[in-house]
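What follows is a structure written as C-alpha cells; I'll ask about it next.
Order as written gives the chain letters A, B, C and D; numbering starts at 1 within each chain.
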Amino acid sequence: MTTHRFAADRWHNVLGTLPPALTVASGDTVVTETLDAGGFDRDGVKRAAEPNPMNGPIFVVGAEPGDALKVEIVRMTPARATGWTRASLAANVVDPETVRSLPPRDKANWRIDLQASTAVLDPPVPGLEHLVLPLEPMIGCFGVAPDMGQAFSTATSAENGGNMDYRGFGPGATAWFPVAVPGALFFLGDCHAAQGDGEIVGTGIETAYEVEVRLTVEKGRRLVWPRGENARDIFSVGNARPLDQALQHATTDMFEWLQNDYGLGPAAASHLMGQVVRYDIGNVFDPAYTVVCRIEKKWLPPRQG
Amino acid sequence: MTTHRFAADRWHNVLGTLPPALTVASGDTVVTETLDAGGFDRDGVKRAAEPNPMNGPIFVVGAEPGDALKVEIVRMTPARATGWTRASLAANVVDPETVRSLPPRDKANWRIDLQASTAVLDPPVPGLEHLVLPLEPMIGCFGVAPDMGQAFSTATSAENGGNMDYRGFGPGATAWFPVAVPGALFFLGDCHAAQGDGEIVGTGIETAYEVEVRLTVEKGRRLVWPRGENARDIFSVGNARPLDQALQHATTDMFEWLQNDYGLGPAAASHLMGQVVRYDIGNVFDPAYTVVCRIEKKWLPPRQG
Amino acid sequence: MTTHRFAADRWHNVLGTLPPALTVASGDTVVTETLDAGGFDRDGVKRAAEPNPMNGPIFVVGAEPGDALKVEIVRMTPARATGWTRASLAANVVDPETVRSLPPRDKANWRIDLQASTAVLDPPVPGLEHLVLPLEPMIGCFGVAPDMGQAFSTATSAENGGNMDYRGFGPGATAWFPVAVPGALFFLGDCHAAQGDGEIVGTGIETAYEVEVRLTVEKGRRLVWPRGENARDIFSVGNARPLDQALQHATTDMFEWLQNDYGLGPAAASHLMGQVVRYDIGNVFDPAYTVVCRIEKKWLPPRQG
Amino acid sequence: MTTHRFAADRWHNVLGTLPPALTVASGDTVVTETLDAGGFDRDGVKRAAEPNPMNGPIFVVGAEPGDALKVEIVRMTPARATGWTRASLAANVVDPETVRSLPPRDKANWRIDLQASTAVLDPPVPGLEHLVLPLEPMIGCFGVAPDMGQAFSTATSAENGGNMDYRGFGPGATAWFPVAVPGALFFLGDCHAAQGDGEIVGTGIETAYEVEVRLTVEKGRRLVWPRGENARDIFSVGNARPLDQALQHATTDMFEWLQNDYGLGPAAASHLMGQVVRYDIGNVFDPAYTVVCRIEKKWLPPRQG
C-alpha cells in the first residue's frame, strides 16, 4: 500500500475518459491539494478555469466496468486562510416572484482560522457579527469517468458522481462509485470548509484543501449510483432533477441494497425503510440535484455473504 | 388557563369552516384522544371514515385572520397496544420501472409496548426479527381552516397545515399556523408512533393517541406557512408538489422570517441560510409533499422587538 | 328540454357544496352572463371578489356520485367591448434568474370589436401595433363540487375541474366532469376572449361573456378526471403540479378510456397513443397546472357498447 | 455549394468532440443514410450499438463558438420497408400505481409502404386493424458537440440538441444549434417514420432513412438553445427535466428572441407570447424532456436588422 503525493499541474472541468495523471494500485493512498471552485490555489493564484477544476484522473489498476471504486476520505486539511461564498440565495430555491427581491449574487470573503478550525465572514456582515462556524470539510465534486465515452461538466452530477455537494462526504466517510471504464479514472476537487444543506447560495465556503484518500477496487459490485458509509450510517445517492427524481433514484438504490446485501425481501426492505429512513438534500442548486437516502447501521440486519 | 378534556363524537375528513366542536380561550390546554388514520379508536373499533379523521374543529376565542395560532404539543400518550403500516414502498418514491417489482400494499400489524415505549412488527417479518423501534410520537395531520371557505381533504396539506406527516411535530415542539377564519378552527388527528422521513410506505405506525396541546393566539403575525420550534431549532414548513416547490415555499418563508423577526438584511439572511440550513422531508407521499427548512437556534442573532 | 335564463346575483370563489342558485333537469340549457376574472360585469362594475367569481352552483336533478355531468358549450357571446391582461410573463414560466429582468405585472387593456370579433391592445403597445387577434372564446374556470365536503379555490383545479384555462373549452366543445355530490353542483365563470397556451401572463383576455351550456347527466360513467370532445378530437384533462404529474393523470385517463370504451387491450392502447397522441398545455400558471391528452377521432376504433 | 454523399462506416453514441468523419463548407448539402435507433441498417443488419447511433461528426468550415449552425432538413426518404416500436406506455408517463398494470415493453413491427407512404402494425393488433398511419418523418436525434469537452449520450438532449424527438423536425423545417466548438461537429440519426407527442412508448416508428440536410454557418448568433422554423412557425426548444424546467428554458429563449431579433420590449414580448404562444411536447421519455415554445409567423412584427 503506497502513499502517492500527487501535485496536479493541470485540471479538468469535465469527468470523462481523459489521459491519467497518476496511476495507483488498488489500496493505495493519494495525498493531493485541490484548487477552490473558482480555480484558485492555496496562494490565491488562479491556476485553472471554472467551474470546479478537478485533480486527476487517477487510474486505479485492476478497476473494470462493473466494479466499484471505494474512496475512503482519510483526511482533509485546509490549505488557505480564506474562502468565499455567494451573498444571495439562488433564484431557483425561492418562490419565483420572490426572485425580484433577492440581493445581488456578490462574492463574499471568509477568514479561515486554521488553528481554531473556524470560519468567519470578513468583513463582518451586519447582524452576523456573532457567527463563527466550525469547519466541517467536505468534497463538493468527486467521482469517476462515465460510460460510453460520455464526459460531464463538473457543474453537475450523475450516476458516476460529480458535483454532489453533500455534507456527508467529509473526513471519515467512505464513498463507492460505479466503475464504467478501465482504471475507473477518479477525479476530485471543489472542497468546502462548510456548507448548509442544498448549497442554496450556490457555494459552500470555497477554498483549497489538502485531501488524503484511499482508493480500492471492489470487484463485480455492479452499482448503479454512488453509495456511502460513515460511523453511523449507510447511504445511497441519487443525482437528477427534480428533487423528486433524485429521491426516487436514491430510494430505489437503497431498496436494492437492502435486498441484495442484507438479505431482506421487498416487503421487509419496505418496512425498514418506511420507519427509519432519513433523507438529506446534498444540493438543490446544480443542474442535477442530489438527494441522499440514509439508514443508521444500528437498524440493519447482519450483512450477507 | 383552563384544561379541556375533549371527547370527540364526530370526526371530519376535511379541514374547513365547520361548526366548532369545542370553544376555548387563548392559552387554554386541550386533552383529546385521536383515532388512527383509518378511523379506528383505542379499542380497535371503527368510528369514522378514512382518510385521517380529525378531532375538532376547536374555536379559539379572539383568533382573527392575520393572527397566528400557536400550538404547543405538550404530551402524546399512546392509547392502544397495536399500530399498523403498509408493507410496500409507495409507487411514487421509486424509479417508475421499479414499480413493477414492488410487493403488494398489504396492511402490517405492529405491537406497541406501552411500558417500554417500543414497537415491533407482529408477526415478525423475516430478516427484521431484531427490529425494536423506540416510539417517537408525532401528529401526522393538524392545522386550521383555510381562507375563502375552502375545505381540504385530510389526505393533503397546504398553507393551513394539514397532513404534513413531519417527524418534528412531536412532544416538546411548537407549531404556528396562519389563522384564516375567526376562531382559527383547529383540527388534529392521524398520530404516528414512529415514522421514517417522507412517510414512504404511505403510513407511519398508525395508532390512537391521547394528545395534550396548548392553543394560544398571537395577534397580527401574518404568517403565510406553518412554522415550528423545538429545543434546538426553528423551522418553516412548505407544502406543495413537487418537492422543489415545497422547498421553495419553506426556504422563502425562512428568508422572510430572518428578515422580519431577526433583523437581518437579505444578504445576511442568505449568508446564514447558505451555510447552516438543514432540510427535512416530512412526507413525499401525500398529494402535497412537505419540506421543512430548519436552523439551529444557536446560529441566530437575537430576536428583534 | 327547458332553456333557463340565469341571472346570477351572488358569486363564489370556491367550487364546493354550496346552496344551489338554480335547479335544472338533465338535458336543460342554461344561458348566463359571467363576470370577468376580477369580478367586473358587462358594464365594468365590480360585482364580486377575486379570483374568478363563479355563477352557480346549478343543481342538475338526477346527478349522483359516480355519474358524469356532460356540459355542451353551445355558445359564447362577448358582453363587453373591453378586456384586460397582465403585461408580464409569470415568474414561474421563465428561468429563475430571468425573473430579475421581467417587467412589472401591470394590467393592460384590450378593445374588443364585437362586430369584427377581434381584440387589440388599447392603447397600442410599441412593436405590436399590427396585432389584431381574432376572438377565440373559452371558459377558463368551470366544473362541479368535489367530494367529501371539500371546497377548492377558483384559482386552481383538480379532478372536479375548476380553473383549467384550456383553449379547447370553447363553443362547440363538450366537457364531462365526474359527479361527486347529489345534483353535481355546476359552476362556471372566468371566460377569456383569447389566450395562448399555458396562460403564461397569468391571464387570457379577461372579459364578461354570455354563455349558453346544455347540462346532461350520464349515469354511472365513473370518471376520475374531466374529459372533452370536439368535432375533431377526444381528450382527457389532468390537473396537478408539476406538469409531469398533470401529464401522467391525463395520459392514464386516456389509457383507461381507450380500454373501457373503445375495447382496446393495454398494448393496443399503448400503440395507438404512442403514435398519434397530442398534448396541449392548458395553464402553467395556476397552483395546479393543466395538461390535455388528445386523440383525433379518425384514429379511434368504433366505440363499444 | 457542394452536395456530399456521406456513407457512414462508424457511428457514435455520444455527441462530443470526436474526429470529423466529413468536412464541408458552409452552405453545403449532405445526403446520408442513418441507422435506426437500435443500430440496424436498411437491410436489417445490426451495424452499431444502441442507443441512437449517430452519423458524423461533420466539421463545417468556419463555424466557431458563438456562431449558430443552421440545418435545413431538405428531404427524408425511408430506406426500409419495416420499422419498430415498443408495445407499452413508458412507466414515467402514467400515474405511478398504474405502472403495475402496464403490458410488457415488447418490440412491435410495422410494415412501411414506401409507395403509399404509410405504416401499419404487422402483424395487426386486435382493435387496431383499421390503423393506417401516414408517414410523418422526423429526425429524432441531431445536434452539435457541447462545450468544454463534454460528451452526452444520444439517449438525452441539452443546449446542443441531441435526442429531442420533436415531430416538428421533419422535411421543410430548419433547425439552429449553438456552436460550441470549432467546426460545430454536427451529428444526426435516429429517424422516425411517425411519432406521437412525447414519444410516450419510448419510440417513434424506428427505421433507416436517407436524409438530405443543408448546413450553413451563421456568425455570432450567440444562441443558448436550439431554435427552429417552418412555413408557419418559429420555435424555441428547451431540453431538461422536469417538463416545467424544459418549458422555462423554451419560454425564456423565445422571450429573448422576440426582444433581440424582433425589436419588442419585455412587456410587448410578454403580451404577444401570452396570447398567441403554443407549446409542444417533443419527448417526455428521455432523461431530458423536450418542450417547444412556438409562435405563428403571422403574429410577428418585422424582423430587425
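Simple rule for what comes next: a residue touches a chain if its C-beta (ideal position, glycine included) is under 8 Å from a C-beta of that chain, and two chains touch if they have at least 3 such contacts.
By chain, UniProt protein names: A, B, C, D = Acetamidase.
As the structure is a computational prediction, the values presented were derived from the model and not from experiment.
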item	value
A-C against B-C, pair bridged by the larger set of C-beta contacts	B-C
Far-end chain from subunit D, centres as C-alpha averages	B
CA centroid of subunit A to CA centroid of subunit C, Å	47
Length of the line joining the C-alpha centres of subunit C and subunit D, rounded to whole Å	32
Centre-to-centre distance between subunit C and subunit B (centres being mean Cα positions), rounded to whole Å	34
Residue list for subunit B, restricted to those that touch at least two other chains	92, 96, 102, 242, 244
Complex contact set, residues of subunit C against subunit B	12-14, 16, 148-153, 240-242, 244-245
Complex contacts: residues of subunit B adjacent to subunit D	90-92, 96-97, 99-100, 102, 242
Contact footprint of subunit A on subunit B as seen in their complex	85-89, 92-96, 98, 101-103, 106, 108, 121, 125-128, 130-131, 133, 194-201, 203-205, 242-244, 247-249, 251-252, 255, 262-281, 284, 289, 299, 301
